[in-house]
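What follows is a pair of complexes built around subunit A, which joins subunit B in one and subunit C in the other.
Our next item is the complex of A and B:
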């Protein structure tokens, strides 16, 4: 084996093994499971054809969970996008303490969803009168709210959305900052000479179009992240709710909870995977992901 | 300089071959000893993995480890599983790297999926010493699965002084409980705590409404007008502001009661020592109150039992260990039932020595267990229980129509029953 081949294996080997063992084998296996009645076993024997798929697609709870995700994504993607971009623009304009603010806003990205969920649930949005939010509301004479107990009014969305924004915005802000820094200054100079006012006009006609490639990537990543939402929903709402269930949470309950219905769970997972692929491809087509700069 | 370009680029087949070879090495790495005792060779080289859910009472984990260490015929390692024990156990039972011996409640799904082995040969000789109801709930298709470790009745705890101050009598109907909660609620304390997601009271609500989870011939029995009425009453309690919701700990933990967040809490026998220590002489217990005119007082007699996995590395060794710990070692069984939380020993011979349970509030708890208790029905699987719990989420917490929520539950339960019993 030549040196370059050895080096190739040395560097790509571990990643490749991980990919095969933890991604491709499970995908193949769940494809196989989805055609079988697989209750309490991952080596089933009873072939049922497409009936698991038919069951999942006619299952009100699963379809509802797809709907929940759609509402969630329709809200969280633009909001995260706008907040991250806003933060990036603010930080980019700073003349001093830029590194400090960049770090401060980026820091939450390092926190795990589980840890953050526990802080949100046990401290900030705790349902008792001594939760942080309830304490603050108490100062103004507002009654305590049990944030996560019931779906009407849907306070739980406030908890979930605020958590996700706090965790995610910093990361996307960094992406936007990098893009902002790579916009050639001469464009702004040229615009100034042509009489463009700084502020909205330059943002609208120079900054925003220049951020197109980053924007497309950010929206794509946000959309996938929203599809895969699980951690905070699971940790904040627990397994006891019939609302606010994302597709992954529902599939977790079907396949990995005490039901152990791997056949239906796998069918649902593949439906979801296909959906993610289709949406991603469509979005790439519409927004032009990977297309060269004009 | 790129390693992937040029004549030495590895073929796709070579990549797959290498990936396969390395994947095959994976299981070897997983064979490492994980019992935390450094792989000592005492115990004749046999190793047994024993799983417990996380007991809340102080000292339980140490006791479990002490029992394991005392067994000389095999190396027993303890997995003390925090969090969602049911799900983790379900996943663990699929593979041979899961538990050899585990605790759980009996259910037919586990038997149909061939996850546990019958234990007639070890329980049989001492069968007469066990509560007949415990034997019945562990008998599936004529065979006994699982050795009952402890019985845990679940009921309400209340503070006598608070009841006296508010002029409240011990409630015997759900409406009385709701009225009592209103009187006991003040700025700092809610009247009653039923758990954050109400899961614990799903079955007691059904029994107290004079219904049952399933009929003897495996049909849904919970869908009655009285249960619908009970769900509607609970909805009024949910929105009344007199029910503790969003508490830091759930109903299985006495935290809310101990920290005076509520005057009444639904909990279990296990929490009694902690509660009595905090409020000596001020605590009483009562069963789940009647729901509707034909209602009956009820208590869920939960508990835990030791099972042997059919995927155990050595089924006979695992069985021998279960026999040793949960049948032969009566001193350990007594210690497990009485020294940490309180649990009712399922064996008459041990129960007769359980002096701690023979007086005061503990004796009242035992009385509720004996008088109003309902044991697990192994045909009512965890999936069905989850469907019934979803009824409370849909109707009580979410405010939906109880009848429709029960219809949805019927679909799930009937589907399960059809698969299990045809």
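Our next item is the complex of A and C:
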């Protein structure tokens, strides 16, 4: 081995060993488990072929959670995108106190989903009269709502969506702000000379197209985050919830609940992984991932 | 007929400032609620009339929380701190070395290795929590710091960010070091790392925040109370409801405080780091 080759392995070796042990082997093992009946054991002996997959794909609960979270993603992704971009456009135009407002919107990024769930569940959307939302509604003579206690009507979505917006928007606003700052000013000057009105026209023909690369990245990150939702659902609705059950929460119940059913859990995890890959690639196709910025 | 450009922009900026102010108030409400609830009595929180701020701040709530032996709160903070620091240092070490190797050291199959790293970005880490748990439990690392820390060190995304960063690192600096007889290893530690501290700090802070706030993996691994991180402890308090509401909010407030301080102190670095990490990713 030449000295350079040795240096390459010296630098990358520790990481690659870890990657194989903690990423590639678990995926491989999981693939293997998914073809076996594996309840409470990780070295199963009963080969069952594709039946774990067939079970999961004909399992109403699992399929339902995949469908619900496709709808959830289709809703939360554009809303988060629009709110983050809107905040960025506003903050970008501020002349004084810009750093202050940027900090205020960015600050929730420091808060965990668990702590946010606590505030949302026990204070803002507390189902009794003393919750903030019910207090404010009381001022206008509206009856208290028990936000999280039942799926009909599905008020829990309001709780979950508002929590997600609060936690996520500041982070994506920072990405948009950085992108806005890197748009060359001469583009706007040229547009002004050509008679474009500032406002909607410059946004439509200059700002928005210039944000393309950032937009693609933001939508990608948001999509992946939506399918991996777990923390706030677990903490708002409880670990044993049967409604508002995210795919990960369902897999958690299957694999780490009473049955410790690793076979079905692994099959479901792989189905979810493939679904996320497909959605990611599709959105890349649609939005033109990897296309040049200009 | 038409307003002067000056007048319009003043009107426009009044509109912008009111919109931003309203949004800012909404964003701050949850922080207000934490502080209010943490320093109130039970009656003030659950009373018939809304109390904007308790007439007497209940500093005694701190003692109540820390003395409550049924609640392993302080211990869980220590676990989180230990996990957070070790996880951050380990990630910086392992991922930066790999990023440098991939960016700078010529090797015939370097591209193939890089693709093997990139491929893992397609599979979100939390989807593999079932198989990872299976692996970690067969290593005997359940309810163990090793199980909490080690599997999370090998993040393809972080290694990828370091590679991108080192690709843009000025080559001349390293070449000067090579002339002085330093190998890759010496040049890396004496020249490259000391000149990249900003980037290391930004990635370090982001890694620490993500580690501190992560929930699913610590929940799966932390099956004994002694290995609960603060997030797992908080979550248990929410569901078990064996704890007073003001203690609960005080605990949440204390768990958020270190990160809020980091945020305020390192705002500039963080913003740059996030922007860099997010856009390049």
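Keep in mind that, in the parts below, the second predicted complex is superposed on the first by the 271 of 294 C-alpha atoms of A that agree within 3 Å, B and C clash if a C-alpha of one lies under 4 Å from a C-alpha of the other, contacts with A are read in each partner's own complex, and residues count from 1 in each chain.
Keep this in mind: a contact is a pair of C-beta atoms (placed from the backbone, for glycine too) under 8 Å apart; a residue touches a chain by one contact, two chains touch by 3 or more.
These numbers come from a predicted model, not from an experiment.
J.: Can A:54 be said to touch subunit B (first), subunit C (second), both, or neither?
T.: neither
J.: Kindly classify A:16 by the partners it touches after superposition: subunit B alone (first), subunit C alone (second), both, or neither?
T.: Both partners, subunit B and subunit C.
J.: In the superposed arrangement, which partner chain does A:122 touch: subunit B (first), subunit C (second), both, or neither?
T.: both
J.: After lining up the shared chain so the two structures overlap, which partner does A:40 touch, if you call subunit B first and subunit C second: first, second, both or neither?
T.: After superposition on chain A, A:40 lies in contact with subunit B alone.
J.: According to the stated criteria, A:239 is in contact with first (subunit B), second (subunit C), both, or neither; which is it?
T.: A:239: touches subunit B and subunit C.
J.: In the overlaid three-chain picture, which partner chain does A:150 touch, first (subunit B) or second (subunit C), both, or neither?
T.: first
J.: In the overlay, answer first, second, both or neither for which of subunit B and subunit C A:74 touches.
T.: So A:74 meets neither subunit B nor subunit C here.
J.: Between subunit B and subunit C, which one contacts more residues of subunit A in the superposed model?
T.: After superposing on chain A, more of subunit A is contacted by C.
J.: For A:7, is the partner it touches subunit B (first), subunit C (second), both, or none of the two (neither)?
T.: After superposition on chain A, A:7 lies in contact with both partners, subunit B and subunit C.
J.: Once chain A of both complexes is superposed, is A:142 in touch with subunit B (first), subunit C (second), both, or neither?
T.: Neither partner.
J.: On subunit A, what residues does subunit B touch that subunit C touches as well?
T.: 4-5, 7-8, 11, 16, 21, 25, 42, 122, 128-129, 238-239, 256
J.: Show me the residue ranges of subunit B that touch subunit A in the complex, using the header's touch definition.
T.: Its residues touching subunit A are 3-4, 6, 8, 10, 15, 18-19, 22-23, 26, 84, 86-87, 90-91, 93-94, 109-110, 112-113, 115, 188, 196-199, 238, 245-248, 261, 382-383, 386, 389-390, 393-394, 397-399, 419.
J.: Taking the touch rule as given, give the residues of subunit A at its contact with subunit B in the complex, in rising order.
T.: Touching subunit B from subunit A are residues 2, 4-5, 7-9, 11, 13, 16-17, 20-21, 25, 39-42, 122, 126-129, 146-152, 238-243, 253, 256-260.
J.: Which bits of subunit C are touching subunit A when the two form their complex?
T.: Going by the criterion above, the answer is residues 13, 16-17, 19-20, 23-24, 27-31, 33-34, 37, 45-48, 50, 94-95, 97-98, 100-102, 105-108, 110, 113, 116-117, 120, 122-124, 126-135, 137-138, 150-151, 153-154, 156, 159, 183-185, 188, 209, 212-213, 215-216, 219-220, 231, 234-235, 238-239, 245, 248-249, 252, 255-256, 259-260, 262-264, 267, 271, 274-275, 278-279, 281.
J.: Please name which positions on subunit A make contact with subunit C in the complex.
T.: 3-5, 7-8, 10-12, 14-16, 18-19, 21-27, 29-30, 33, 42, 87, 90-91, 93-95, 99, 101-124, 128-130, 132, 135, 166, 170-172, 174-175, 177-179, 213-214, 217-218, 221, 224, 227-228, 230-231, 234-235, 238-239, 248, 251-252, 255-256, 262, 265-266, 269, 272-273, 276-277, 280
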